[in-house]
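Naming follows writing order (A, B and C), and every chain is counted from residue 1.
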Amino acid sequence: MAFVATLFFVSGLVFVVVRVLPGDPALLIIGPEGSPEAAARLREALGLNRPIPLQYVEWLTNALQGDLGVSLQYDLPVGRLIASRLPVTLPLTLMAALFMAATALPVGLYAARRHRRAGDYLAMAVSQIGVAVPGFWAGLLLILLFSVHLGWVQSGGFAGWSTGLWPGVRSLLLPAVALGLFQAAVLVRATRSSVLDVLREDYVRTARAKGVSELSVIGKHTLRNALIPIVTVAGVQLGQLMAGAIILESVFALPGLGRLALGAITARDLPVVQGVTLFVASSIVLINFAVDLLYVVLDPRIRYD
Amino acid sequence: MTGRRPLRHVTFVLGTAITALLIATAALSLVYTPQDPLAMSIIGRLQGPSGPHPFGTDQYGRDVLSRVMTGTVTSIAVGVIAVGIGAAVGMLIGILSGYVGGWIDEAFMRLVDAIQGFPAILSALLFAAVFAPGIAISMVAIGIAFVPAFARLTRAGFLAFREREFVVAAKALGAGDRRLIARHILPNILPPLIVQATTSFPIAILAEAGLAYLGLGTQPPHPSWGLMLREAQNFLSLNPWFAVFPGGAIALTVLGLNLLGDGLRDLLDPKTA
Amino acid sequence: MRHFGSLRPLAALALGLLVSPAAGAAQNLVVQSATEPPGLDLTATPASATAVVVFYNVQESLVKVDRHGKIVPWLAERWHTSDNKNYTFFLKRGVRFHNGRELRAADVKFVIDRAMNPETKHPYPGYYAAIGDIIVKDDYTITFTLKGTTANFLLNMARQGSVVYPREAVDTLKSEPIGTGPYKLAEWVRGDRIVLVKNPDYHVKGLPKLDRVTYRFIPDPNAALAALKAGDIDAAMFGLGPEHVPELQKDPRFQVIIGETTNDVIMSMNNSRKPYSDVRVRRAITHGINKPEVVKGAMFGLGTVLGTNVDPLNPYFVDMSGAMPYDPGKAKKLLAEAGYPNGFEAVLRVAPQYYYTVRTGEVLAAQLQKIGVRIKIEQVEWGQWLSRVWKDAEYELTIIGHAEAWDIANYANPKYYFRYDNADFQKLFTESEITVDHKARRELYVRMQKKLVEDAPVVWLYIHPRLAVTKKGVQGIWQDLPLPAFDLSEVAWAK
């Protein structure tokens, strides 16, 4: 129920914002040399002259029946447009998340255990660089290294899944690393900090004093309790990965959802903006729902009234 | 108790020193820069470091050192205020959600979902259209985008701690809500929030440059670190040094803040003793 | 990272297939394009991304502007007029659309009728406003009767909005354009690429030379440069910046093509607003701008300094670039005369969608500072620029490139965003439109250009250069762009 309310709220807000923003879709479609009469006729045909609340109710009615409308600039059903971009954006986000988790969690844990020793400082120095390098630079540098100098992978573009699993994965490798790098660096720091925190708790000290094996200290006592902030950060980051994908889709010339959304906003293509927003907002609600469930699994004391 | 003496805590001292250096640079740039940061000299464009231009020159032959110095004011102000807004609003929402729970939690969390789900570019465009372009607007726009992370982290901390023995005990002893929150729970959940704040800082600096293209934030020819870093990409082959200095400035700032944050955490942590 | 190693031969193989065209093998070209077209219907969008793919490659017009800017017969093998009001075109026989049907005069009538029909929302209705009647004499003969003499009629028939397509394909132009061009649309993988293949029945013998053209959409100029260096694309024709030229010229693998275009970059001043309503202020600003330095600073020396709105590719071009030279002393004097001895503050709106507007603005701001005009730059997103600046003239100063050929007409339109309203100029222009005699028309164009320089309604800065980079061995690419067309019919790899 609350889920629906969130989507309702976001879509309503997006609708109003796109409609009140200066920038006329008809003018953008027909161009500056078109006749004003033709632009007016196009506005009429697109239904832009009717009151905004009425337009919204109409959009909502159709959306509830699964019809997201037709793109103003592409003349294609919005659902089909979004569906055509998902095979790029979903695997890209997933691979970036995987990269982030697979590097950040072990490194963060390692750094915490080697607190104030060489390993810790090294890990922190590397993550320091990761936090300071923006995605668009990371992307370009990766292309220059792996495509231009070494010639190992294509500099950009998407091979498509129809050519097989490996070519598809390969064309997403560099962008996924570039996308996940910054978030991995953030997660390393968050992990280290949370683990350190728990390591200082009385019960961990007690366990250690009692001679419980180090593996058990880490596995049973530390990780479980440290995971709550880590899971929270990771959940937020998953949402941020989707946003960060826009920039890297441009750098790597990938036909993803982010570029679709950006183009749609530039062209004031409201049905597409709405469709993408609905998708992204639902994903975020779902991610956060999953995170809330994980809390209870991790710490049975947590209850929701 | 050695860890509690700030001056002997290396991390804290180093972090404070770097941060102080940056603030001093920002202050100095208001009254002095080696050269006019806006003065162009096309003949001397895109040079590497040299005597008259220790950081080299940009695509219009402007002095990069002077521009990095001037950019300090903007970039640090954006970082501090945007993170400040995000942290303040986010933590308030997180405390209410996590401590009170129930329908308040539900309502706030769905609001936070909505903020996160709303396309940031769209809100930036709206701000740009409605308000006169200025740095203040971009700080607010970026700050809002930070709210969800802080809200969720705070809430998660409260969820984990509100049923913990020492909190329950304090409650049983008659501690008021305010005391429980401020004295017992908040100090314990601060570490992840400090990490979040220091890692949000570079995001804010870079986002400011992104917003400049939409007419928000710093407009050329005025410098900001993020803008310079973006510009430098086009001139990578002509002057690779161009990217190094604004990038280095961002890295140094984040380093200083991280050290400061780590040190602060050690010093404030009730468990370190 | 070890398993990366095993990739190498595979990748090399894949690249080899795309790139090196051995003699006798299929000739393929992979071209970078900055943006994906919103649709492929030239009668529905002015987007240059659409013209890049379709115009002269997939669809063609009765007459064509060739690489030297000359109007030459094309789908019409000749034309005839005795009074400059009635034009009869004789169609080439045996020209077939990609669907196999032969081109007939009725198709031409259908296409131009549709362009004139206000219901169809054509992006350039102005080019057909002068047409009165279209009569199909027989399958290969068609006569256009104009309402009055229109000097640019033939040129207008060569423009991108005048392409001929079969009437049965009118509903699918947006996604599957059909025409008579040297290439057929093979595949459009949305968001990623458009593939054209050779039209084996092309009506010009020996053309096209390529078997396959792939357009890949790479928006980021630095990524495009990297793709070029990595060998993933053969040509970057759009979107590389002038700053990339020096290193590419040094690289033996590439050739850089630099030429002229009709894209006049101007800083317009809102003539209806103070202080720009005062011609002295406008002249002062013009004298305060060092154009060669602007070209150096913003465009790395690429681009021709402009004096008026007529570009060198136009037959009536007069070099006026020295008429209002850089003279800060004179600029200050003029400002003082106009009542601004201490200058004034001004807001300059630029559109970052076009990188050169921002760069040019930065250099201009530094220059005008010296005559006391203190510029504040505001970047405006494209949609807002079109609505606010272009449509509603809500601006003081703005920079943009005007890409249309023969667009001096804008100065005769007082409602255009320049808000330049001068009866003398309007009279000259109207006369030029109905004067067909070349010498007389040229005289009028000279007078118009002089008038514009005198009145300084805008500052003409430079012509945005044509910048294309290809691998060595790619031949036949147009050097200049006398109109925004990217004709690939004669392009081939050197044997």
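As a convention for this text, a residue touches a chain if its C-beta (ideal position, glycine included) is under 8 Å from a C-beta of that chain, and two chains touch if they have at least 3 such contacts.
Quantities reported herein were computed from a predicted structural model and do not represent experimental measurements.
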Requested in this report: Could you see whether A-C or B-C has the larger number of C-beta contact pairs?
Outcome: A-C
Query raised in the report: Which chain maximises the distance between its CA centroid and that of chain B?
Result: C
Query raised in the report: When the mean CA coordinate of each chain is compared with the mean CA coordinate of the whole protein, which chain is closest?
Result: A
Query raised in the report: When the centre of a chain is set as the mean of its C-alpha atoms, what distance in Å lies between chain A and chain B?
Result: 20
**Report entry** Averaged-CA centre spacing for the pair chain C and chain A, given as whole angstrom
**Finding:** 38
Query - Separation of mean Cα positions, chain C and chain B [Å, integer] - result: 44
Query raised in the report: Of all residues in chain B, which are in touch with two or more distinct other chains?
Result: 125, 129, 233, 236
Query raised in the report: For chain C, which residues are shared contacts with two or more other chains?
Result: 222, 381, 384
Query raised in the report: Considering chain A alone, which of its residues make contact with at least two other chains?
Result: 21-22, 136, 140
Query - Residue numbers on chain C that touch chain A, as the complex places them - result: 4, 7-8, 11-12, 14-15, 36, 38-39, 44-47, 118-126, 174-175, 189-193, 216-220, 222-223, 226-227, 229-232, 353, 381-384, 386-388, 390-391, 404
Report summary line: Touching chain B in the complex, chain A uses residues 2-3, 5-6, 9-10, 13-14, 17-18, 20-22, 124, 128-129, 131-134, 136-137, 140, 185-186, 189-190, 193-194, 196-197, 200-202, 225, 228-229, 231-233, 235-236, 239, 243, 261-262, 265, 273, 276-277, 280-282, 284-285, 288, 291, 295, 299, 301-305
Query - Touching residues on chain C, where the partner in the complex is chain B - result: 221-222, 241, 243-244, 246-247, 293, 296-297, 352, 358-359, 361-363, 365-366, 376-381, 384
Report summary line: Seen from chain B, its contact residues with chain C in the complex are 38-40, 42, 59-60, 125, 128-129, 133, 212-215, 219-221, 233-238
**Report entry** List of chain A residues in touch with chain C within their complex
**Finding:** 21-24, 27-35, 37-39, 41-42, 73-75, 81, 84-85, 88, 136, 139-140, 143-144, 147-148, 151-158, 160, 170, 250-256, 259-260, 263, 266-268
